[in-house]
Structure formats: structure tokens, C-alpha cells
């Protein structure tokens, strides 16, 4: 199964939850928000929502910038 | 000393809003926020970099009990991007407030008026408290107010230019044309620019580069705090009329004679 | 916060000097002095009116332990008058400091450069600490410094005009041309004007009508205090460079993609 | 003397475009056109008044062999109105050129950017040569050029204000941002305003009240002709650099000695 | 078109006075004079260089039947030098007119007001027609008129700066304060600067670097000619009043209805 | 039959052409353009196009104004 | 004996000191400075300096004004 | 005999007129004016006025410059 995370293609043998994904990338303790295919995934549903084949996942955080 | 104002549910006493970014360190950013007296700062949202992990986050340095942190949609160039960014940011930061920026030209960072109006309409409908960055165009500001934005944020001069309030006449016309708060966003390069914005009657000033790109950002942050307060107080005090000519402030009677 | 400066023997921390006169009452004058944070105020000297005795004197309202009171030669139109006025005022107020004004035109209150130089020469020779009001003329300022004046006080705009710093280029050239303190005298109409004077690098600002003729002089005095501090801090902080163009303060990497 | 430019099929040598209306008489209007040297004037279209028949028509006074007459959509506040007005005007005047105005606010006469873009899109598709009045917003100008407008016509200042080019920085950014002709429309109050617009590099200037509301409109029309030519020539000549400081134009060698 | 004016015995129709020097060649200087339409040019006087003989003289290129040639005292820094220079120049050029310059600071080329007044007094007494360069100081101008100068020539900005009319308020006050011709001398950098000077009501403009240091001096000379004429015509025509706000120039009756 | 001409209601017993209408209002020799129900009527078709019951007719001409 | 005080002519039978003069005009307790014939009279000499026939006396005090 | 011409010292065995001086320096046909010891010498007196020992002579001409 393939998915795109923040613009980079990744492969994984089996579907995984958003929480799994964040764990895999060492982001579990970071303050982040997640969208799959341009839909926001509420933090409360990270454990249940699955990343599926072909999904585009965005994981964002706050940075300095803008005005 | 001066009265407070509201942006949606937020009640603010400081009329200075300070952006983040461009500081040499998170610590300098925080010290500048402290010196500015601001209660409200804006942050951008960006993809986490999966390859190189940054040591710490800006949010670790900005205690939410001292500063309201609201997201902006900096870098977005379509309404769709801006809306998704705002939705993600709301989830991330737990606030309905959003500084809406939809950039029409990456070179000059002028806003895209059409896309800003479109994004504002969607975000207001979704319950956001929208603070849109816009040109100093009275009609665009009127439309944003009609849509239900909580304030309008016309630019004083191009983002990052430090050119001050290029067109005070337009800001005055905007102030006549809308009832919502008018916050000058972008252009302030030094203290007097901020004072001028406030003297025109603006509710507040938002700035970023004017502080961060000063030689001593922390001292400049303090200068901006004083300037915003000075400009507000002068606005409330009601300035003297302008005249071409001198008029003596000393009584003309009682001058001494010389033998 | 910011460093002090000297005028002759006087060390001052506030960079705002406030004139007297034009207030509705001595009390309002005093409250404005308090709100301004000034340490130095100027008074005129006039003949006592022998027929109608005024109830009280301005000096009763200005405690000398809180404010330095220095005389001006307002209303004088010749060097001779100005010198006698200064001598009388020194005797009256017990100070060697004098704000020298020799008016060349009663209609516009522009100074007479020739007579001002002449009076300054005499007064310096007699041991006065001379603070001359002068046009924004670099050469006249250089000559006054050569004579031994303790500062030069170019006008920002005509006395009582409230037109602000009409010619910042000249003030900058004066600042390059002399080493003594440069104090902008006259022209300040609102807070940002005072901030601009200080941002140019002036040592201090003297104002009178800008406060007294505001709708609320006491609030304006406070605005001026803040503005002078703001402008000084901005000068010391070192402003960002001006650019025609926007330059993003947000990182250009990491923007989200939309499907 | 200076080169010509094109608006659609039209080749023009005079860089001054003059509106109609506000003159005391058709004759004065015509004499002002003559004095201005313009080749192009704009007219509004309005309902015929069926009750009181006017004595004569403006068109009787403007010979089409001497002046190109193009319609504007003045008074329209929606894209739909503007499109119908343009269509009627094309039928009436037999020209594909149209000065597009969609007013967003009847009080200030600022354009409605969204409706202007919408109308421009329709009119370009229908084969019109569209000259849109717009705010001094670089992004709106870029969009109008992308749509296929023959020029962009940013306002220098509000219509009828006579305030000159309020924001030369924006005009400069627009000139950098588009390749089509940039014509300053509205705001010119006196000759130097027109010269400034041309010195910035604009292709032409359109004015109306600046001439018609002068005390002597015909002399002012001539002044504007000269000013536009002067500004264009100065732009082509390439001005000297600005410096803070004097620099002698006389050789510093060979000064005489005095005994 | 516009009326003539007098400087002493001279009657002039062109309101543009052009300095010499700084051109690439005598030929370019002459072509610029032609293009400017001037009738009056100023020259400096210097010691003949006895070691290297120059090939030809500026005077060979300026036919006295086409141009009035008057000397200036450029480079003089005392009244005594200026008087001797004027006397030598009168003998050399056979004219009583002299452009008086007494420089107070070689770095900025600001005039020395005291020395200028002193030299003017002597030269007027010796029968010269004195045209003094002076700061934009109303009192100095009044004194020069009282002495008997034929005009006053306040600087618009420092010599060679190209900064334009830095302080139009002062020029306006000077125009109110004297009856003699007021000629702006120095500071004009481009055409609109010259137009602004004339719109203020000045009698004429003198310039040097503004033409000579343009990329194309000859075209700029022509631009200046047009600009001076434009500004004068606008002054005579009487500009429209300024308003903050738009005001439609189209009748508000008769707008079409849409179904 | 009723029609609205330049915002004013008018009545006429029978349908009339645009040309008739212009004649009736003494506009035949004027330089005007005509729209019916927001559609422009080309000058070449003034004689044949009819004004019908309920039509909104606009007759416009050029005036000084705008910028 | 005649003297001019602040521009007004006054007459007095005998010479009087500056202090006498101030007393006469009820100015003794006021904060004033005095010049006679354009020469300042120091406060310390008020009792001894006499106003003479033809003198021009100026008595000044501080007022609000000037800049 | 010594004189200073335009700042440079010169020596000559005998007094010479202004005209002689100009001839010597090839300036006779140039358009110049002359001062001796800060006094202008009128052109009409070039032949008769003598340059004397210690004189400071200025010979000037017109150049471009000033404003």
C-alpha cells in the first residue's frame, strides 16, 4: 500500500491508523494536525481513522511566519 | 489607560498584534513579544519536516496563558488552500480565530481580493472568526464586513517593505466605510508608522518584520508598544488643527521697551 | 530606560520639553506637565500689569523641585531686547539657561538668523547657557555651535502650525553638521510628529501648542511622552531597511499540497 | 516628439485622455479638448430624457475625425449593468473600445474589483477592447491583463478628489507586474500630478475633474497637455539620482584668493 | 503664452533659468540651453589656468544675442570674495546682474545667510542687480528684499540633491512675505519638481544638475521647459479644490435599469 | 399593450416597431441605441423588431460624464 | 520727579529706592525682576538702588508663553 | 620684481603693464578680467596700469559652473 505523506511517497505492507503513522515518524508527542485527502482528521479520531492506499496525508505544525 | 476592543470572543487591551518568524531564535521571538506588551501573536502552519527534526517548537516558547496564539494562512494562494489551512490550524491550536491571507502574487505578497472574499465567505459560514489581510481598498473592506469578518486588515504598505502608511487617505476612507475594527497589517517599519496608523483611528496594528528585522528587535518591540499607545492616546486626545502659519503662544501684551 | 543628556549643567532624562501658555488654567498647565513626564519647562517674561493684579502666578503651580524652569525671550525682535530679557530672566529665575528666540517676522514667527547669532554671541560671553530657536538651516546651526550654544533648536515647522517635521532632510543634515544636541522646536502637532523627530536622531523635542491646543491637553501630553520615548527607542533599536517590495516573513518551504 | 502607443486597434500620439462632463457648456468642453491636445475622449451613456429635450448633444461638438470617442460604463454597479451598457454603447458609437467602470461604492466611487473582473471577462470574450478602471492593486491589474484587457487603469486617488498620485509605490509595482499599458485614471488635480504619473513610467493619464473643475478649464487643459509631455520626456531622459547632499556643479579648482 | 517678468532691466519670457557646468561638452551644454528654451544662463568665474590652455571657452558656444549670460559667485565663502568676484564678473561680462552665492558649508553648499546679506548690501549699493541664493527662510528673504535685491532665490533642496521642493509650506510663506520675484534655485531633480515650484506661484525656476546629470540632458532640458510652462499655466488656471472623496463627474440621473 | 420605456410605463393599442417608438417620441433623428429586456437591438433592425406587451425598453444616448 | 514704569509715566516728590517702588505698587512679595534704563538691578541691591528723574523702569515677572 | 599671478609667484626684471602681462601669458585675445590686490582693473586701463613689486594679480575668465 502506498500513501503520500507531506509530498513524499511511502510504502507500507498493511493499512495503518493515523496514530500508527505518527508513531512511526516519531510525531506522537508533537503538537500536530492531520488532514487526509484535504479533510481534517480530528485529534480525537487519530486512533480509529485509517490511512488507505493512495491517500494523501498532511501532517502540519505551527511555525513562526506570516504576518 | 485606553479602552479595550474585541475580535470575536477575544477582548484585548493591547492594540499591538505581533507576528512570529524572522527572529534569530525562539528566545528572541519571545523576548520581543514580552517587550511589545502584545496579547496576541500569529503563527503560520507548515508541514512537519520528516527528515530533520527541529530542536523544539515555537509554541514551547509562547505560554498560552500569556499570549493568544492565532494561526494565519500565510503562503496560501487559493481559497481552497486557505480554507484547509484554517481548518487544520483550528484543530491544531483550538481557536476559531484565523488571520486570513490569500496571496495573489508571490513576488510582492499582495493579497488576491477575489480569493480572499471567497475564502472569507466559507470560513465565516464554518464558524471561524475571520481577520482578513486585504489591500487598502474601501470596497473590498466593505464586502468583507458584509460577509461577517470580525475585522478588516488593510495593508499599510507591502509586506516586509517597511514603507509605513503609504496611503493614509485610503485608510481614512476605509474607517468611514466600515463599522468593524480596522487593523493596519503590514508596512510598519518604525515607531512613527505605528503611531500614524493609530492616529488615523485604526483599532490596532499588526506587524512582523518591523520588529524582527530591526537591529535590536527587543528594543524595537518596546518602541512599537509605546508608539501604538502614543498614537491611540493622540487620537483620543484630538489633535490641534493644522495651519500654514505660526501663531504665538505667548501673550502679545506686556513686551518690554528698550530706551 | 534611555540614557540621559545634558544641556549645560542640567542633566535630563526626559527628552520632552514643554512650553507654557495657551492652557485654559494654570491647573491644566500643571496637569499637562505632569502627564508629559517632562523635567523642563519654559516661561516667558513680561511686564507686570500694574492696573489689574492677576490672581496667582504660573510659578506657584510649577514646583521647582519637580521641574526645571527656564526663561525664553519670546516676543523679542532685536538682539538687544533679547539680551536684556535674558538678563532680567536670569535674575528672576536664578538660572543661566535661556531659550533664545529673536523673532524676525511677527506674522509667521520665523526667527531672525542674524539677530539670533548676535544675541547668542553676547549671551554666551556673559556666561549664559544658550538654547537658540532657529530655522532648519545647517549653516546657522553650525555658527550657533561655533559661538558656544549648548544646543541648537531648529524649527520642525512654523510655531503654532502643527505641520510636523516639514523637512526631515534638513534635520538630518543638521544632525550631520553639528555635535551639540539638536532639539526640534516648534511644529509638532501630534504624537507621530514627535516620534519622527526622535527617530531622525534628535536629542529632544520642545513643544507647546501641540499639547495646549489639543482637545484634551492632558491626554495629549501623555501621548507626547510616549511618542518621544517610542521615537527614541526606535532610533536606538535601528529600524529595518526600506524596500519597495514585499518579502515574506514566513518560510517558503513546507507549504501544503491540495489534491 | 515622443513615440506613440496602442490601445487595441487605436494608435495614439497624445498621452492625455480627457473625460467629458462637468463643463459649463458643450463649447467649453470642446475648447478644453482642443487645448489638451488629446486624441481620445470618453463619454457616458444615459437614458434619453423623454420629457425635456436638451438643445443639442455633446456629440455634435466633438468631431469624430478629430477625436476618438469611447464610451465608459460610469454609474454601473454590477457586471451585468456594465456589460449591457457597453453593448449599447458599442451599437451607439460604433467602437469596440470601452472604458469599464463598475462602481462598488456610490459615495467614494471606488471600483468593485470582483465585478470589474467579471465584466471584463465577458466583454473581452465578446470582442471588446476593454480599458478597466481599478484600484491601485497590483494583483487586480495582473488579473485584468491575464483576462485580456488592452490596458489597466489604476486610480491615482479617488475620482474627483484632486489628490494626485497618492501611492506612487503601488503604481511602480503595477508597472513592474504587467506588460500592458498602465494608464492612471482619476486623482490628477493639477499639472504636476500628471507629470508625476508619467515620470513613473505610465503610458498615459486620463483625467476629467482636474481640467473641468479648474477656475479656467481651457488653460488647465493646456497645462495638462504640457505636463504629460514634460513627464514623459523626463521619464525618457532618465532623471538624475537623488542625494541627501549638495554637490557643487562648479569646478572646485581655480577659486580666487583675497589678499 | 504666459506673461513676461523682469529681473532688473531684463525682461524675460521664459521662466526657466539654466546653469552651466557639469555637461560632457560645451556642445552638449549649448544644445541643452537650446532645448530648454531659456533666455538666461549663469556662469562661474575662475582663474585662468596658465599652464594648460583649454581648447576654446564656454562663451564661444553661447551666443549673447540669444542668451543673457550672468555671472554667479559660486565657490565664494565670504562676503568679500563674493563682492570681488561680482566686480570682476561685471567687468568681464558687461552686465550688472549677478547671481549671488555665498556658501556657508562646502560639504552641503548651504548658503551663509549673514554673509549673503552683507554681500547683497554692498553689491546693491554699488549698483548691481542682485539675485541672491538663500535658504527657504522667509525672514532672510524679507531682509534681502528690503536691501533692494531684484529677486530672492530660495533653495528647493540642497544644490545637486535632486530632492525637489522639500518644503512647499516655506515657499508659500515666502511668496506671501515678499513682493519681488521668487525664483526657486537648486533641488529640482525632474520635471514635476519644476512644475510644483511654478504651481506654488514662483516667478521662475533655476536649475543646473537636474538637467546636466540626467541620462539624456538635452531631452531633460526640453522636459523642464514643458514642465515650467505647465506649472505656470496650472497656477494661472487655478486648480480644482482637493477633497478626500470621490465625486462623480457623470450625472446621477438617467442610469439604466436592468430587468 | 403596456411597455416600460426608460423606467416609465406607457400604453399603446397595438404592437409597434422600435422605429415607430422612436418616431413617436421624436427620437428618430437622434443618435440613440436601444435595448429591449436587456438585449441590444441593432440599429439595422429597428424597423422590424417589435415592442411587445410587458417589454422593458431602454433608449440611451451619449452624454458627458464618467472619467 | 518723573519716571516711566512699564511704559507708563509716574510722578513722585522724592527719589525712591527700587524696594520703595515695589512696595508702592504692592509688588514686594511678588517674584519680579527689575531693570532701570536697560540695566538689570540685582535683587540684592533693591534697597540701595534709587530710581531717578527720567529713569525708565521695567518690572517683569514670569508668565506662560513662548515655546 | 616679484608678483603673484593666480596664486603662483613670478619674477620679472622690470615693471610691466597689465597688457604686457596678458601678452606674456598669451591671454591678450582671451576674454578675461583682471584684479590687482583685490581691486578690479577696468579693461580700458590695461595698457596704463602697472603691475608692481609684491602685487597679487588675478586673471579670471568665465567657466561653466555654479547654479
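Going by the order they are written in, the chains are A, B, C, D, E, F, G and H; count residues from 1 in each one.
Here is the rule we use: contacts are C-beta pairs under 8 Å (C-beta built on N, C-alpha and C of every residue); 3 or more make two chains touch, one makes a residue touch a chain.
Computed from a predicted structure; not experimentally measured.
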item	value
Comparison of C-D and D-F (more C-beta pairs in contact)	D-F
Chain located farthest away, centre of chain C as origin (C-alpha)	F
Between chain C and chain G, centroid-to-centroid distance (C-alpha), Å	32
Distance between the centres, which are taken as Cα means, of chain G and chain F, whole angstrom	95
Chain centre separation in whole Å, for chain H relative to chain G (CA means)	65
Distance from chain G to chain D - Cα centre to Cα centre, in angstrom	72
Sites on chain H at which at least two other chains make contact	7, 35, 38, 58, 60, 63-67
Residues within chain C bordering two or more other chains	19, 21-22, 44, 46-47, 72, 74-75, 80, 84-85, 88, 107-108, 110, 158-159, 161, 163, 169, 173, 186, 208-209, 244-245, 248-251, 254, 256, 258
Residues of chain C defined as touching chain G within the complex	19-23, 26, 29, 42-48, 50, 53, 57-59, 69, 71-75, 80, 84-85, 87-93, 99, 101, 133, 159, 185-186, 206-209
Contact set on chain F toward chain D in their complex	5-8, 25-27, 30-35, 38, 40, 42-43, 58-67
Chain B residues touching chain C - in the complex, by the definition given at the top	1, 19, 21-22, 44, 46-47, 49, 72, 74-76, 78, 80-81, 84-85, 88, 106-110, 158-163, 186, 189-192, 194-196, 199, 208-210, 212-217, 219-220, 222-227, 229-234, 236-256, 258
Interface residues, chain C side, partner chain D - complex	169, 172-173, 244-245
Contact footprint of chain D on chain B as seen in their complex	104-105, 107-108, 110-114, 117, 135, 137-140, 142-143, 157-158, 161, 163, 166-167, 169-170, 173, 177
